[in-house]
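Following are the structures in question.
Note that chain A is present in both complexes that follow, paired respectively with chain B and with chain C.
Let's look at the complex of A and B:
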């Protein structure tokens, strides 16, 4: 049963995400047509916000993994780095894609190069893509791990910057919806429920994704060791 | 062969003339990883004046790792390395310029194909703060007639000779003892060159210089005073010969990295070919689709003006691009902390293309914008170079998708354009 935990997380998360989609598209109330240019497109937020939330969790894992590898040279740290970058890429692309769809409908442009929130989050996703593709292009070794862990550590600077971006430099991207403080609370309770289900589902899904990714990396490392021993190395 | 010490650990008792105070090189409790394996562990070595240590272990035993660690090219897991008693690299990440210049020949030649032999060897002399007449050395290695040829036009063996001479030069120039690291110097050399190399090593040793050489070549093994297979060491007697007489004259050298970078660019036109053409293409593309007269938004127009210098910067440092050939960047990194670069040409390119953009899009020259454009190319180039240098340690630095990280520069560019529109 314990061996199946990642698959259970993935399954539960996937079911939750589908439920969120169904509730977001069919059950959650519509927003005011006066407040939005494209009220119907706003429903994509039930996908966009939780996926961005999950991406931040993944980037956090990437940072911790990078730090553990860099300072302790722990194989667990490297597995967390690999899992964090892959999960960060998947969720980051989901958030960027859904944001572009909404931006095209609401703002008339899918992207704004002068908006800090959009750019810092886009860069985080590009960093994850760089780490995933870069790692596949290199033989595994301390040189590879050290270099990519360094990028993982530097890249994490973007996470708090992304988080505070709309508070200090709100250009296009809307202000915070979750953890908005005293200014928040404009969400109807039914909308908040759907968002909460979405955030929980994506969190469970991303945990499953990270666990499976770590298992795959571990198996790859074992395979490489076996191949090396067959080659006659150490 | 007279005596043996076990486990590759330096044993003072076995050394006939090597008190610690005279040590020119000391490797203390070295642990180095390459790939996922530990190549060296607990390795110690002391090298004194007049020592020729030849490392001759099996393939993969760590000979090149010792040479590259001594040249500050590999990070250490444990231990430290000292040149002439001063720390040059340790496991805490310290990486200091050696107190004295040293000679280095890597397994890859570390040469730029567009350099002439004369230019490359003169640069090696300058790194030692000296100059000399290279003719006798080039003649002895059979390269005098090729002196002004580009290295890219030489055969593999001839290029190897240049790399070997570059390794020996710091010792040949100076009467004070120098360290020389040679990795497989005999590979690709003809019999005459091998004989000259063996003779030079012997004469330089007699003059007090010290060598660490990785080789299996019988002629090189004969030059050794200490044969080391990275497990154990044996001593070997050498018959005295005529010592080498130093041939260098002191020279005051300043801004060497900048000068060399400029020379690389002058001889290859790489700055124009990469950065200049990129900027021209951007200008041309914009002009093909946009009629500047019909645009009234000043921010947009300034954006068009600054797009070309920004693109020129994003193309990266052309000197670093050139130095990816044959590990030339590593050869330089061993000697200096600041690599040759395009810092000199970057603002000039920026000035030219911003001025051109001003005339094309704004119909007038604007000196403030032109200066901003010059600075923009310099800063962008610096950032791209920093990112690229961060990946130099990778096994395949060219295969990594470095351009994915460059959009990080778009937001600052957009903010500068906004600011510039208000000027």
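Let's look at the complex of A and C:
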């Protein structure tokens, strides 16, 4: 039963994401036609914000995993690093892709190279891509793990920078609608409910992915150990 | 209506990608688990020593400390 916990999380999270999708398209109210170029495309917000939220959870896991490996040489730290980079890449790509879809409909262009939020988040996703591809192309060893952990540690500086980007340098990406400070949010209660369901679903889903990814890394390490034993090594 | 169609296609693309990714990970996990169980049951190995690189690194650190 314990082995199937990640799969239960994945199933529940996926069902929640499908529910969010349905509610976002059919139940959530439309936004004002005057305020948006493409009001229908705004509904991608119910996917974009939760996936970005899940990406930040994954990048947090990547940071802690990198730190634990770097300072403690703990196998758990390396497993967290691997899981965090893979989950961060997947959720980062979902947030970037959904943002591009919305940008193309609302702004007439999928990307703006002058917008700080877009570019720092894009860099974070590229960092995760580098870690995932780099790890697959390098032989596993202490030096390799140290190098990738260093990138995981220093790359995390982009997370707070991305968070504050729309508060200090709002160029094209919309400002915050939640935790907006004294200005207050512009979110109706029914919109907030769908967004909350989406954020919870993505959180459960990404926890499932992190758990199963950690399990895969552990199994691969055991398999490698067994192969070494069979080859007569230690 | 055109906007909703555009959005539905984008959503379906993302859901499909998410489902494929999840399915691939679950299948990979089950496949490695099955292979490992088959091999381990035949030779017998302690799973606590799974990460050889971490234990190697720890041993190196201890060696450095004693020098």
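Observations on the model:
The criterion applied here is as follows: the second predicted complex is superposed on the first by the 234 of 234 C-alpha atoms of A that agree within 3 Å, B and C clash if a C-alpha of one lies under 4 Å from a C-alpha of the other, contacts with A are read in each partner's own complex, and residues count from 1 in each chain.
Everything below uses one rule, namely that contacts are C-beta pairs under 8 Å (C-beta built on N, C-alpha and C of every residue); 3 or more make two chains touch, one makes a residue touch a chain.
Everything numeric here is computed off the predicted structure, so don't read it as measured data.
In the superposition on chain A, A:101 makes contact with chain C only, while chain B stays out of contact range.
By the document's definition of touching, of the two partners only chain B reaches A:123; chain C does not.
Ranked by how many residues of chain A each touches, chain B and chain C are led by C.
Looking at the shared chain after the overlay, A:113 reaches chain B, while chain C stays out of its contact range. In the superposition on chain A, A:222 contacts chain C only, with no contact to chain B. By the touch criterion stated above, A:133 is placed in contact with chain B alone, chain C being left untouched. Of the two partner chains, neither chain B nor chain C is touched by A:157. Residue contacts after overlaying the shared chain place A:147 against chain B, while chain C stays out of touching range. Common to the chain B and chain C interfaces on chain A are residues 140-142, 224, 234. Against chain B, in their complex, chain A makes its touches with residues 113-114, 116, 119-120, 122-123, 126-127, 129-130, 133-134, 137-144, 146-147, 150-151, 224, 233-234. Chain C contributes residues 3-4, 6-8, 10-11, 14-15, 17-19, 21-22, 25-26, 28-29, 32-33, 35-36, 39-40, 43, 45, 47, 49-54, 56-58, 60-61 to its touches with chain A in the complex. By the touch rule above, chain B contacts chain A in their complex via residues 33-37, 75, 390-391, 393-396, 399-402, 404-405, 407-408, 410-411, 414-415, 418. Partner chain C is touched in their complex by these residues of chain A: 3, 6-7, 10, 14, 17-18, 21, 25, 38-41, 43-44, 47, 73-75, 78, 90, 94, 97-98, 101, 105, 140-142, 145, 209, 212-213, 215-216, 218-226, 228-230, 234.
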